[in-house]
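Please go over the structures that come below.
Two complexes follow with chain A in common, the first pairing it with chain B and the second with chain C.
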Partner chain A sequence: MSRTPSSAAAAAVVALGAPAPAAPGSLASRLGRAIALVAFIVLVVVLGLTLAPANALELQYAVSLTLFAVATNLILGFGGLVSFGQGIFYGVGAYTVALGWMHQSLDFTEAMVLAPLFGAVAAVPLGMLALRTRRLYFSLLTLTMSQLAFVIAENQTNLTGGTNGVFGAMVPTWLLDPHTSFLFTAAIVAVSIAVLWKVVHSPFGLVLRAIRDNRERVEALGVNVYAHELAAFVISAFFCALAGSLFVVYSQSSYPEILNWTASGVPVFMAVIGGMYSFFGPVVGAFVYEFASHYLIEYTQDWQLVIGVVLLAIVLLRPDGLAGSLGSLRARLRRRRQPAAARPAEDLATPDDAGGRP
Partner chain B sequence: MARFLTETIGTLSDASSLFVVAAGLTLVFGAMRVINLAHGTFYMYGAFAVTTFAGTASGLRFWVAIVVAALVVAALGAVVQLGVVRFVVGKEPLTQLVATFAVLYILADVALHLWGSGARSVSAPLGVSGTFTLAGAYLPVYDLVIIGVAVLVGLVLWLLLSHTSLGWMIRAAVDDPELLQSGGVNLRRLHLAVFATGALLAALAGAIITPQISVAPGMDQSIIVSSLLVVVIGGLGSVVGTAFAALIIGIADTVGTLVDPAWASTFMYFAVILVLVVRPWGLFGTPER
Partner chain C sequence: MSDTVLSVQGLVRDFGGFRAVNHVDLAVERGTIHAVIGPNGAGKSTLFKLITGSLRPTEGRIVLDGHAVGGRRPHVIATRGLVQVFQLSSICARLTVAESVALGIIAHRHRTLDVVTGYQRRARAQAEAVLEQVGLGGQGSTIAGTLSHGDQRALEIAMALAISPRVLLLDEPTAGMSPAETTVIAELIVSEARTRGITVLLSEHDMDVVFGISDRVTVLHQGQVITEGTPAEVRAHPEVMAIYLGHAAERSEGVA
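Let's turn to the complex of A and B:
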């Protein structure tokens, strides 16, 4: 990401809600951000309740995907770990609800509680293994694991229903109304994203970012890097699995395609589109990606072409994503108004350099 | 004995075609430090191109079609290099993975327009179709063709990399690109040549295997996973490692099918995980700093 000046990228984070270090006007801008956030949530909820059922359902799916993208971005943007395997945990979450219903006639509420826990438990051995490798090997190993999960889900027909997956009345009747299930999803996603926000902005989150930026230095400070990365991986998996269980609420089914390697790529693309160095960037990316692909499928068969071109354009021209572009615009405006000395120190949340150093 | 021979030749044939695809992937990585997720796309294009060029007539035209397909896809590879990959050389893995994945998406869509969504097939020419008998086993003649091509590709690559000046340029392109450039080598042209060769190998593998498979969309996404397994086991950038790893994957798959068909397709993944637990940088790779 060395193409864009890091200050612009950092400004993006600040603009979209990273903790702005004490700077003139920060209270006002924080208040502004909070109001914008509340307004956005109100807008989504009002839309979800007033839209036609089919559209409300679509919005519900997009909302559940924002959790998937933000949870993936915990390790991607803030941990510097490019995982092409978060689809595994999404799948674990979905299959926990579906298989619990099919084999154990598990109560829906119990299954919803178990799903994220199972995701976290699965992430411990997988993370321990994957985090032995670095950088590109980590990406490729997680991609491999994702495909393994897909193959298992597809071939163990007795357990998982094979290629067709599991369909049925696994969602209780009170959740079948599109508006109710939308509210249910939105509430879970809002709470989860708030928790993830806390994680990112806790001392733990700061250490995570420090590891991303300069692993050796953090190691030299006596921090157990491996343990921190593993913890982040498990937390991410917990919320990915929760997002997966929300997929069942949306589709009342679970099938192998949700955990193959291209499915694991989707939250990564959402983060890249929206901007992975800002907390809410992946939310933007998830909405853009989901609505784009949904409406593109309706109007053209060439959705792969369009998404491919968009991804290419962003990654080559705007490596900071949409949030980054917005942020650099804001920073430019702010710079025009402020003398250089008064500018906030903005290098907290973004990698100071190419980002991908060992 | 007959059973053993059948399985051995089958395994060798599978490993051979896998080796040819993966060799292209690892060659590109070795020279440019780029993992190309669209590599499987070149394989699919090679296969589809043969179904177009070979038509229904078999015989000499089939072999010509294979050569033409490989060359056409090599040209496509050059276009991808100039249009996209050139800009992500030296960038972080995420940028490279997303950019090349975007290429995969775009070319998959183009392939749908060119060849439709149905499956296509080509039959092997008379001379190399059918079976031959050895020690009581009936073996497909065409398996020998595939193995022969892989051995040839392996030999040529080995000679190229270790016994020619082009070989040391490719190695130097990663170790010290600046010194290489100041020595008067055009790095861009070198990258272009290597990337086109990588695409050519993928297309060759896809073209040569057409008589044994049904050619359909989705091939690109499945072969790239197998090739990634191979290069990760072998160690990124190592052609020798790729050959070994292709064999390991082939054997894992065959043994898996014999032991438990329901779990067969998982064996190769467990092989990868096993290797990476012991050597996180692959059998013949070097640890990443």
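Let's turn to the complex of A and C:
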């Protein structure tokens, strides 16, 4: 079957997703991870360039979703903020390109540059409002905001084209070739994920993880927690909007469904499936989710029910997702090889402290 | 000449009709270890929360190094040099020990919004030195949440020290500790205060610790200051004796 090579990519990405171990890790394990990463990128690029156009396009879509998932996970896994509103920024990105083309006859390149900026700008007031609340209330407020965005996109027919959305020749002809558009998408996603990697591993990223664990403690060290959460929210929105603009490259359209609250849930599912405490976990999750839903839909109309059950099982049994399971499996194997003595605290990124404070 | 680093004047805090802190005055001299003691419900924790900014005062002034800080947000007060170590262990459970201290260093150097440089690596290296001081040397890669209770308290103190505070506020630093751990923490507090000139304001249940390490002791009872003085003066104060011995007498009656 023609889709098999793509699922090979999904399998490879699982192997990649082991969490960065708690300890900086030996040179060997870092080297191993670097090799896995390079091998994975090579595999995806080769697949993208050799697959039949229709399949290459599906792979391109999955690649663009990995950016959506990793960007969402910046605030979810590393910031501890469960947002059901990141779809808003995805939508802002897509609609910036589509509406810019329709109303302003904006050049595609200009629109692609503006899309993430508009996403970031939109995130400032929304974040300022939503971050005044915590936990469940934050989730509910972001969910409400995404429904509002959906309603606006659907009802402001003159501006947005209403329910039908915007279709047309908004993507330049050189990007219409599936292999070219795959490479274009993969390059933007790779650079963006590299930037997000840098953010997570910067002083700011450390502060963000600390806020997730214990905001009072961080505040007591003189850090304005609210401002830092807002900064993370805006950075996340920037890249969610960029992912949204890549949706237009994929579909050559923009329509209200991408703003529905269920669309905002998708990157959260992906991050949870893959492992939200691991940087590459959401990449794993994005591939698994995308291809699983693709296969499932052939067998059952209730594929979302299946995904829901899987999600429930993950949250209850392995809150650190596939990446975490893999990490602790590796740690267990290593332990069997080197018994008793000096055992690094390795599989600690596992479930028991997922609930936060002891 | 006296040099007051932290002064509290006429501080009041009401919870509904209940006055938890009732016109409290407190003057903490620079470089001293100052203890606040009192029975449960005396208002110690409320007083500390007012000082750190997690609660707003109903009335009164709090002056830290010449700046009025009463009612300011906790992170603002922290940047003015007052750092708190919480009563219940309060660490970032998923960070490593070295990362926890690096967090303090990053906060102190105002690098928290830095997404460009590799400063956290340098901060982590600096953290090792602080960890050495508090007896956590070589534990940098351990996940903070897996440390023993005593080591978590030591880590908290290390995190607080990392931001080079002028005033260190310790709410029951030895709560829930074994006697051996208590001794270690008490010695740590004294050595930090003496060698670095950090002012320490602490509340404590353990009277041996208080009288052993404090320069000054303030006694709170039902939200009010009963007396203030050296440990010897306080120990001999009739009202203090009445409060504490009275409690002891009640307790032994209850047992009998």
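One rule holds in what follows: the second predicted complex is superposed on the first by the 311 of 358 C-alpha atoms of A that agree within 3 Å, B and C clash if a C-alpha of one lies under 4 Å from a C-alpha of the other, contacts with A are read in each partner's own complex, and residues count from 1 in each chain.
As a convention for this text, contacts are C-beta pairs under 8 Å (C-beta built on N, C-alpha and C of every residue); 3 or more make two chains touch, one makes a residue touch a chain.
All values reported here derive from a predicted model rather than from experimental measurement.
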item: Which superposed partner A:Ser139 touches (first chain B, second chain C, both, neither); value: first
item: A:Lys198 touches, of chain B and chain C: first, second, both or neither?; value: second
item: Touched partner set for A:Arg332, first chain B, second chain C, both or neither; value: neither
item: Partner chain in contact with A:Arg30 - chain B first, chain C second, else both or neither; value: neither
item: Touching partner for A:Phe84 - first (chain B), second (chain C), both, neither; value: first
item: Contacts of A:Val315 with chain B and chain C, given as first, second, both or neither; value: first
item: Contacts of A:His294 with chain B and chain C, given as first, second, both or neither; value: neither
item: Shared contact residues on chain A - chain B and chain C; value: 356, 358
item: Chain A partner contacts - residues on chain B that touch it in the complex; value: 35, 84, 87-88, 91-95, 97-99, 101-106, 108-110, 112, 221, 225, 228-229, 232, 236, 262-263, 265-266, 269-270, 272-273, 276-277, 280-282, 288-289
item: Complex interface listing, chain A residues touching chain C; value: 22-24, 198-199, 201-207, 209-210, 212-214, 216-225, 228, 231, 235, 277, 344-345, 348-349, 353, 356-358
item: Chain C residues touching chain A - in the complex, by the definition given at the top; value: 52, 54, 73-76, 78-79, 83-84, 86, 89-96, 99-100, 102-104, 106-108, 111-120, 123, 141-143, 145-146, 159-160, 162-163
item: In the complex, chain A residues that touch chain B; value: 1-2, 76, 82, 84, 129, 132-137, 139-141, 143-145, 147-148, 151-152, 155-157, 261-262, 265, 268-269, 272, 301-302, 304-305, 307-309, 311-312, 315-316, 319, 354-356, 358
